[in-house]
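For reference, chains read A, B and C in written order, and residue numbers begin at 1 within each chain.
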Amino acid sequence: MAVKKWTLTDTAAGVYVDELVVSPGDVEGGSDGYEITKKTLRGGLSDGVDMVRVNNGNLAFAVLPTRGMGLWKAWLGGEEIGWQSPVRGPVHPSLVPVMEPGGLGWLDGFDELLVRCGLENNGAPDFDESGKLAYPLHGRIANRPAHQVEVSVDGDSGEIAVTGVVEETRFHFSKLRLTSTVTTKVGEARLQIRDVVENFSGSPAEFQMLYHINFGQPLLDPGSRFVAPVKTVVPRNERAVEGMETWNSYAPEVAGYSEQVYFLELLSGEDGKTRTLLKNAEGTRGVSILLDKNQLPCYTLWKNTTASADGYVTGLEPGTNFPNPRTFEGQQGRVVRLAPGATTAIDLVLEFHKDPAEVEQAEDAIAALQGDTEAEIGDEPWEGWCAS
Amino acid sequence: MAVKKWTLTDTAAGVYVDELVVSPGDVEGGSDGYEITKKTLRGGLSDGVDMVRVNNGNLAFAVLPTRGMGLWKAWLGGEEIGWQSPVRGPVHPSLVPVMEPGGLGWLDGFDELLVRCGLENNGAPDFDESGKLAYPLHGRIANRPAHQVEVSVDGDSGEIAVTGVVEETRFHFSKLRLTSTVTTKVGEARLQIRDVVENFSGSPAEFQMLYHINFGQPLLDPGSRFVAPVKTVVPRNERAVEGMETWNSYAPEVAGYSEQVYFLELLSGEDGKTRTLLKNAEGTRGVSILLDKNQLPCYTLWKNTTASADGYVTGLEPGTNFPNPRTFEGQQGRVVRLAPGATTAIDLVLEFHKDPAEVEQAEDAIAALQGDTEAEIGDEPWEGWCAS
Amino acid sequence: MAVKKWTLTDTAAGVYVDELVVSPGDVEGGSDGYEITKKTLRGGLSDGVDMVRVNNGNLAFAVLPTRGMGLWKAWLGGEEIGWQSPVRGPVHPSLVPVMEPGGLGWLDGFDELLVRCGLENNGAPDFDESGKLAYPLHGRIANRPAHQVEVSVDGDSGEIAVTGVVEETRFHFSKLRLTSTVTTKVGEARLQIRDVVENFSGSPAEFQMLYHINFGQPLLDPGSRFVAPVKTVVPRNERAVEGMETWNSYAPEVAGYSEQVYFLELLSGEDGKTRTLLKNAEGTRGVSILLDKNQLPCYTLWKNTTASADGYVTGLEPGTNFPNPRTFEGQQGRVVRLAPGATTAIDLVLEFHKDPAEVEQAEDAIAALQGDTEAEIGDEPWEGWCAS
């Protein structure tokens, strides 16, 4: 038995590990070349943020238990994958005014490669009839620290896993628990996320989830393309209509660029499995997101090719719904219902491609899913899909 | 002289003790079997919360200087007294959005056995004419850290005390200081709180205080009863009217149960001293709260027998007023006025009963206070008592 | 080369120094008698606040990197200069609800000798059309921690400098960076601030800055006077009109005193250099603020001679504008525009005077700037200067 585990945080048991370094010498089995480190960041906006960094020898990535198990950045062969946010993060949740009256405080902490939006809501701010904030932008889960964190290594298979448990709760209101496991294997250019969301209330609950997965340079450059098996694509608003003809390709950076957002329904195999690709202009690099349309039926493409100083970035965002205000999405029935004590799982894979052959292979897989089906391209925002 | 003191925190003097363990070997005198520990919690929502745990050999309890000197939990003969909140606390104040627009952020930190509501207000959220939050639910004091903390042991008498000083201040607005001392004696099943509230402003001030004292299993079970010398009991709203016939007994847990709240005036001795009891269905265990009606003239009973996953709990809540919005209570004159520099003291005792004889004794004492007086049972919310 | 540097914080490099003591033995060169210390405060509202204390042998002062490089207090010859706020700070930003709906949360952290107001706005709270907070009182910069902090000593010249970099950013919104350096020389009764504000966005930006420099006893006492080369002085509102005849002198403390605020335009030399003085009643002590009117064209005098328990204090506040709501100031054009990538510098000197001769010298310098020009004294609030 070559699986070894380390508990980093377990608040119920009073366990908290300040620093940890795991290397092959610590684990039985033949796997080699990997390293796992845990530290707590100090200073600035990051003071107190726990970071677990996994390096499988090829792909490295940093997990943020303090920020709802988000992925801060990844590195492939030593090169950083992610994007340059003007926000100097990772930002500790105590310095992010998520509940400020305008509901946009979430933006103060936004610099991750992968940040979860949810769990009670995942979209634009929503207000009650008196104008008070009811649901903040992108929800609360990214600014909730995990109370349980564990890493494990299987020295035989080379599988490395980081698991964290995060709760989004309010007395009298929802009680939702996220158990997130990110897994990779030694030497692979791939990581896998399995999230389990549990309603631990005695009453039924609803939740929403959206994975806000963000890339800038080097994967995003002028001429980069988004490739997906598209059933439907619809511009979110008039601003998105302006860019409809080039909805799936990317322009050079333009200072003051105003974001363009497209809502998609993807095609999938009969098992619901599907995938999307972002590739650079030369087709020499890319990243695929593999997902299950039964779990994540809605896909949002966020284009923000503004000046690099302001965050030249695109977001590939599979979700349970579109990131409209919670009330609107509820009216459309785009929420996940969970019976008391029920759980639901969501799976997601990120694959990084480092040469034209790998990129082409990913494109072929998408072409096979597209088959003869012609994509339906909306020429204006659709009622029911797009909140006015 | 067998009294020994330890300063745990004194920000003005730059004193802060990370960890402390006090045992009988550290103090002169014959008292034995006790232990005091101080630690700072790490990880999750509790990161940075100071906890002082006192074990008198029979009763143990945990004080939270970081959360306004609240009592987190108690243990009698090793068994936990308190309740199971869905909130995984104790929660650090920096992660509790007390001032969020809807005013309900306090609920994100609610998991204590005893939490103080106050000092500027202690009731439901209150808004100004433009709809902006003026007073948040239950006030700010529970999310203010103490700047001075001290523990002391009298090795002769066996008295153990924890004192903390917490300020609720805002420049241009109120300057209120709480000096709270919780005391117990070796071997007793009892703890005593003396709170002194000071207006350290040069101008007159008003304050409110309510002790939100919460019990779930094992003291609360189906058939548990609340026993008190009642002058008057009034249902807070229509929801409470529904349960009027069983206002002082408890149902089994019911998922989705909506809270029921009753406002009481108690009877007391001529000196103002009075007491209430919560006992389990079998009458084998209970807890008494001893108080002074001159200090705490209003008593609120909160029944929340929802699913245990959501917090099966009752709150026994002696206060200076009823927890209505601040404006309403002010109109009724239910605030405490303090001249510049003036202080006022509030005393409270919690006694835990572990067998039928003790429970019966507590009931007898209450029966004596009730005497021949018949309780006035309101059949609907009263104007002046209940905000509409 | 006798300049030695210590990096205290550099989040990008993972550098964070918990404690530091620098004394002459650590640096080449003949300077002597100084000390620099860095520590992180623990407990109460201050938990986690970094403080850098510089003692040049005559003047000492404490810099707060965690609070936007504010100056907490100063000490001259061992005597404290500053004021006694009822707020027990320095307060960690995570406990200051800057973005609360009413916009006054900033007051919870207000206890510094010098606190910067800015950078997006620096005045009274401002609300959008729906009543939601758009700009909080005095802006966000004082509650943003520096991500880079450095101290340096020139052992030859005796110059000591503390530099910090603080960003006020929000994704999709402004990206402003403050690089602040406070400098002093061994033995001098003077400190110098150079702030550089950079717009690191790819789009144009606007900013505001106001230095809220606050004094109580011993510099402020009954009969103290504010001396300045005045072109114009205008009462902010009716309350200030009441005190117009004594606008530049100070009353004894009066409990419940309501603040009086005056807006000034100063006279200056042709190079824009000008200065103001606060002196005590006997003229035996004082403090001068030297500034450049080209950088800081607007000057606000805040009189708050309330009970000392509530903060007997005056604020001398040079700014880029008057601290009215942001929208009003924008309409008057009182904002600083910065092209993409542009920077602007602001210089400020504080000189402490310890005897009548020094005070007189400062007054003479101001008299020279005043020359024959008669001050224009407004007898009511001016449209365009004062928001109604």
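Just so we're on the same page, a contact is a pair of C-beta atoms (placed from the backbone, for glycine too) under 8 Å apart; a residue touches a chain by one contact, two chains touch by 3 or more.
All figures in this text were calculated on a predicted structure; none of them were measured in a lab.
S.K.: By that same contact rule, can you tell me which chains touch subunit A and subunit C alike?
M.R.: Chains that touch both subunit A and subunit C, as defined above, are B.
S.K.: Can we say the copies subunit B and subunit C touch using the same residue numbers, with more than half in common, or are the two sides different?
M.R.: different
S.K.: Cα centroid separation between subunit B and subunit C, in whole Å?
M.R.: Taking the mean C-alpha position of each chain, the two centres sit 42 Å apart.
S.K.: Could you pull out the residues of subunit C that touch at least 2 other chains?
M.R.: Correct list: 48, 94, 97, 101, 131.
S.K.: Using the touch definition up top, name the residues of subunit B that touch subunit A in the complex.
M.R.: 41-48, 85-88, 92, 94-95, 97, 100-102, 104-105, 107-108, 110-111, 131, 253, 255-256, 259, 306-311
S.K.: For subunit A, which residues count as touching subunit B in their complex?
M.R.: Contacts found on subunit A: 9-11, 14-16, 48, 50, 93-94, 97-99, 101, 128, 130-134, 144-149, 167, 169-173, 175, 200-203, 340-341.
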